[in-house]
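In what follows, structures are represented as structure tokens.
Common to both upcoming complexes is chain A, partnered first by chain B, then by chain C.
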Partner chain A sequence: MFDYNFHWRPVLKTLPDLIQAGLTTLEVASLSMLIGIVLGLCLALMRMNMTGPLKWFAVSWIELARNTPALFQLFFFGFGLGAIGINLTPYTIILTGLSFNCAGYLAENFRGGFQAVPDTQLKAARCLGMNAWQAYTRIVIPQVFRVVYHPITNQMVWAVLMSSLGMLIGFRELSGETQFFASRTFRIFEYFAVTAVLYYIIVKIVLAASRLLAMRLFRY
Partner chain B sequence: MIQVRGLHKHFGDLHVLKGIDLDVNKGEVLSVIGSSGSGKSTLLYCLNSLEQIQKGSVHVDGIDVHAKQTDVNKLRQKLGMVFQQWNSFPHLTVLENVALAPRIVSGKSKEEAYAMAEKQLKHVGLGDKLKNYPSSLSGGQQQRLAIARALAMEPEYMLFDEATSALDPEKVGEVLDTMRLLAEEGMTMICVTHEMGFAKEVSDRVAYFHEGIMEEIGPPEQIFQAPQSEHTRKFLANVL
Partner chain C sequence: MQESMSFFTGFGLNDLWFLGEAALKTLWISVLSISIGTLLGTFFGWLLHEGKWVATFTIAPILDVFRSVPLIIQLVLFYNFAPIIGLNFDPFASGVVILTLYTAALVASVARGGIESVPPSMRRASRSLGMSYWQDLFHVVLPIGGRAVFPAWVGVVLGVMKDSALVSVLGYVELLKASQVLITRTQEPLLILAIAGAFYFALSYPISRYAHKFEQRWSK
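Right after this comes the complex of A and B.
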């Protein structure tokens, strides 16, 4: 009734390649998070403080990123742009797609964060003669970051896992690499089982790093 | 010197200040009293341009506060402000709370800013709390921190917006003592307050506000013992 024979040897032999691909996953997820944080912060500020085209640009971005499948967003940057002659490399497609998606989600986190910091903090800062830039960067945004810190960590985990969609556009991150070896050796179950463990380890490392960083950053 | 002329302030349909004329001289302590919603706090916000005005003018040492070409960030360095909710910056230590603005606004070096901050914190009796975060301070201590923070900018005027209203009763005294100390040192102060004892003892003049109008202004003896206006009499009868 169960005559499947496990063959782990091919998987173990290519483990260094898988780990290398895992680092690519971590790299693309981290980069897209960094870009997403900067863009998300801008989108949140545009949505809250602007009127007219800039506000609608921000709202449309956020709505599209949050309410359409991430896969479709990747396909848009891959095949969609490809159709009109803009050909991006798989790495750029996944980086652009993930950044676009993360920025949308993070923008809403930031918006909540800004609302959680009392506006009297801004007033107090301005009363000391700080200009708007100083008051935001020194007083408001550091407090916003504390509020949104755990949601940002969640988003980072989500970015690591979502980068596996790269496999569908031919990007050799962890899942793409796994797919490549699995189809060459037909050890599909073994490969994806090991890869699942690798994802689990990557996420655990991300969470541990986040906790350590929080202990350093938030002493108050 | 602060000169307010024909000042009108609206919030939408609400006419909050209805033509205020007021002079505050250097070295003077003015207490502003009156019931809630009479426009006392709004007056303070108009003095340092936290609120825009609809009519009239405010001049601080000859500078038109609401003129387009006025650099409000520079102007606000002359006018220290302390709020009812003390608004300490929770992510900075007590020392950093006070040293930040001298460093990034006045452009002092780190050493100078920290030395100034330490001096002001000792001044208000928080010399032993430099490394603490505000969350570990009591309300009264946080309010004194706010005063030290304003003083570190070496302002020429201090504006107090109901600085003791949000405090536990037993903490009110320590903040009033600090304000008294400043007054004795010759700081020019405008204090919006519900502390009639403070207004009576410390101020040179007391102004009574009623529904956006400055009903009466004069030395504390006049306001508290021989008020000229019927509204002032009624208000004092209620609070004293």
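Right after this comes the complex of A and C.
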């Protein structure tokens, strides 16, 4: 029954490459989260405060991002745009795809966050003589940020996990690199087992970092 | 004589049926794994709540692994691991097994939150009225806690339905894989991806709207 010989040596030999690829995964995930946070904030504000085409743009972005698989979105940015002559590199595909997806999910989180901050806060800030920009950036957004901090952390974990889809569009982040080595050595199980462990470690590092940052940010 | 032969043929009505059938396959694998996974996850959630430290050191870390490793890695790993221990699973069965465990891991934390959302005083009151432990669990905790975490559960359901697209990696022809097949034949990525996206949207959007309505009715 159990006549499979495990060969861990080739995996260990390429471990530095895998860790390097793990850093690429982190890089892509963090970059797309940064873009996603900025875009998501804009989308949430557009959905709440605008009317007409701008609102519909935001609503359709959010609903499309939330109601179709991330892999579908990546295929769209890869093959779909390729068909009309826009050829993106795998790195750009995964970055745009993840940012698109994160922005949609984060926009809904931000909307919840904005609704959790009472209107009176904004009014009070305006009464104290702040202009709209100051009131938003100094009073409202810091409070929103506190509410959405935990969802943002979750989304960051999702971004790390979703970046594994890069494997299917030929991007060499952690999964892509693993597949590359696995198909070269045929040690599929061993390679993917090590990669699973690496992902687990990356996710734990992200969660720990977020907890440390929270302690630093929300001291009082 | 024929001058040249084309391997590519246009998109026809038959292909729409093909995509529709594939959408049903997506639906089937999702329904199957979500229903088993929810039952299993609820049980795990109850164990997590009741088990105190025994559960904290046994099933909690295992469930955590399923949440911290990308689904695609889990699928590839299981698909290649099953033959090693002498199980011959086809892509569909492997997909169902992993999606079920993945759902169970996500539902477990939801279910635990649901049980914990019922105030202890209410449970004590039901026990004081002469209900047995199980009566209390099924007639008090289930309706009240279930209501509290229903939106979170719908989120899990929608997530798993979209993530079922990843089973295509193993070669199971569901909606996204079917669109890939058609793209290869017709060379019209934009059109076919748009149709596939519309199918996903049609599967996912009504559920999210319906859940939203429920939520509003219950929160009144």
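One rule holds for everything that comes next: the second predicted complex is superposed on the first by the 220 of 220 C-alpha atoms of A that agree within 3 Å, B and C clash if a C-alpha of one lies under 4 Å from a C-alpha of the other, contacts with A are read in each partner's own complex, and residues count from 1 in each chain.
By definition in this document, contacts are C-beta pairs under 8 Å (C-beta built on N, C-alpha and C of every residue); 3 or more make two chains touch, one makes a residue touch a chain.
What you see is a predicted model, and the numbers here were worked out from it, not measured in a lab.
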item: Fit-or-clash call for chain B and chain C when the two complexes are aligned on chain A; value: fit
item: Touched partner set for A:19, first chain B, second chain C, both or neither; value: neither
item: Partner chain(s) touched by A:143 [first = chain B, second = chain C, both, neither]; value: first
item: Partner chain(s) touched by A:67 [first = chain B, second = chain C, both, neither]; value: second
item: Touching partner for A:127 - first (chain B), second (chain C), both, neither; value: first
item: First (chain B), second (chain C), both or neither touched by A:42; value: neither
item: Superposed model, chain A: greater residue contact from chain B or chain C; value: C
item: Which of chain B and chain C A:219 touches, first, second, both or neither; value: first
item: Overlay on chain A, chain C to chain B nearest C-alpha distance, Å; value: 25
item: Intersection of chain A interface sets (partners chain B, chain C); value: none
item: Chain A to chain C touching residues, read off their complex; value: 1-2, 4, 63-64, 66-72, 75-76, 79-80, 82-84, 157, 161-162, 164-165, 167-168, 175, 178, 188-189, 192-193, 195-196, 199-200, 203-204
item: Chain A contact footprint on chain B (complex, rising order); value: 48, 50, 73-74, 76-77, 79-81, 83, 85, 87, 89-92, 100-101, 104-106, 133-135, 146, 149-150, 153
item: Parts of chain C lying in touch with chain A, wherever the complex brings them together; value: 65, 68-74, 76-77, 80-81, 84-86, 158, 162-163, 165-166, 168-169, 176, 179-180, 183, 188-190, 193-194, 196-197, 200-201, 204-205, 208
item: Contact set on chain A toward chain B in their complex; value: 118, 120-121, 123-131, 134, 138-139, 142-143, 146, 218-220
